[in-house]
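One chain, chain A, appears in both complexes that follow, with chain B as partner in the first and chain C in the second.
The block that comes next holds the complex of A and B.
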């Protein structure tokens, strides 16, 4: 195994439940945590709907996987980015989104919430700066 | 002959809703369900299009799909009626046919 750390960016653009993309992306992020890379997860377009608070799927007979996002900080995910324009086009704001805490077991660094709303130029920069983009 | 139109795709990703609203005629009903429910919310970029259509067609939205996505009824455009699965069946029986905009 190489010691090279790469910047992984998981790009989510689909709403949850209507299709399997959101759940599959989450599975890949969790599996990818085993590879000790620098991982960011980004939500753009309908992907921002994955992070809404208060999801309750009892009425549709599907697994509610939204609590799993709150554990991403324990799976080596250091940054979660949300595109501001995508939120605004959908009448949503940062207050509508879940919070995800981060804790580094080695350095004991703790962050209350790694969900960050960013503008389009920053989205572009992060895409350019990443080594690999996984698109869902 | 009135039609129940159903839309289960996000209005931000597909043009199913736009086509539905273009072709639905006076007195038709539209049911938004699954990812179609996002069109029923206030403050979105399709809100004005939906409000305009409400002068012509009656809109319904699937409650269980709203709740699954963490979106409360307080976010809905006024005048859109919330239904559950048995309400979906009622709508289907009250109209002559069902047109699904997949």
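The block that comes next holds the complex of A and C.
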């Protein structure tokens, strides 16, 4: 495997159900974790709904995969960013979002919650700083 | 797709790789039958992992990739068990793939 570590940013813009984008993006992140890159995941627009607490999919006959986001820390995702403007436009705040813990087994560094709400300037900054952006 | 395994006289459908087609069909005897097919005898150590996987799936709705499984087992069952050597000694066909199959879970995400 190459020694070059690239900054990967997975951008999620769509609601969790109704299309396959959210689930497919999540699977790509989980599978891609095996490649030892520096991975961040960002939620903007309707994508912020993917992280909301208390999802109930019984009525639409789909699997509720929102608990799976909580494993992202286990899959070595370091940062999860949520766009504040997108949250506010939908009447949501950080309190409506699930928490994702991170633990580095080697350094035993522990972070209780890696979900971070950021403003638009930081959103563009992070996009500029990324080597690769996957948009879903 | 029409494959089944015989568990206590009941025909339970499995996919072409031997994973249960329907998660809800799982009973502990499923693991026993699958282990027998693989010429494996299940011990308490096997069951620790199988039960662990089922709890993990219950909580996170996915079967963990082997790296994640190893890490999580080490955390929960003790460091001496959280390594691939130990897990492979229990499940020679690959801890994630084989143990997930015994546990009635789908093939783990991230297993190529």
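As a convention for this text, the second predicted complex is superposed on the first by the 136 of 136 C-alpha atoms of A that agree within 3 Å, B and C clash if a C-alpha of one lies under 4 Å from a C-alpha of the other, contacts with A are read in each partner's own complex, and residues count from 1 in each chain.
Keep in mind that, in the parts below, a residue touches a chain if its C-beta (ideal position, glycine included) is under 8 Å from a C-beta of that chain, and two chains touch if they have at least 3 such contacts.
Being a predicted model, the structure only gives us computed values, none of them experimental.
When both complexes are overlaid on chain A, the residue A:91 reaches chain B alone and has no touch with chain C. When the two structures are aligned on the shared chain, A:129 is found in touch with neither chain B nor chain C.
In the superposed model, A:111 makes contact with neither chain B nor chain C. When both complexes are overlaid on chain A, the residue A:34 reaches chain C alone and has no touch with chain B. Judged by the touch definition given at the top, the superposed model places A:64 against both chain B and chain C.
In the superposed model, more residues of chain A are touched by B than by the other of chain B and chain C. Touching of chain A by both chain B and chain C, each in its own complex, is seen for residues 64. Listing the residues of chain B that touch chain A in their complex gives 8-10, 12-13, 34-35, 38, 41-45, 47, 63-65, 67-72, 75, 84.
Those residues of chain A that touch chain C in the complex are listed here as 27, 30-31, 33-34, 63-65, 67-68, 70-71, 74-75, 105. Chain contact summary for the complex, chain A toward chain B: residues 14-19, 45-46, 49, 52-60, 62, 64, 66, 89-92, 96.
Remark: chain C residues 59-62, 64-65, 67-68, 71-72, 74-75, 109-110, 112 touch chain A in the complex.
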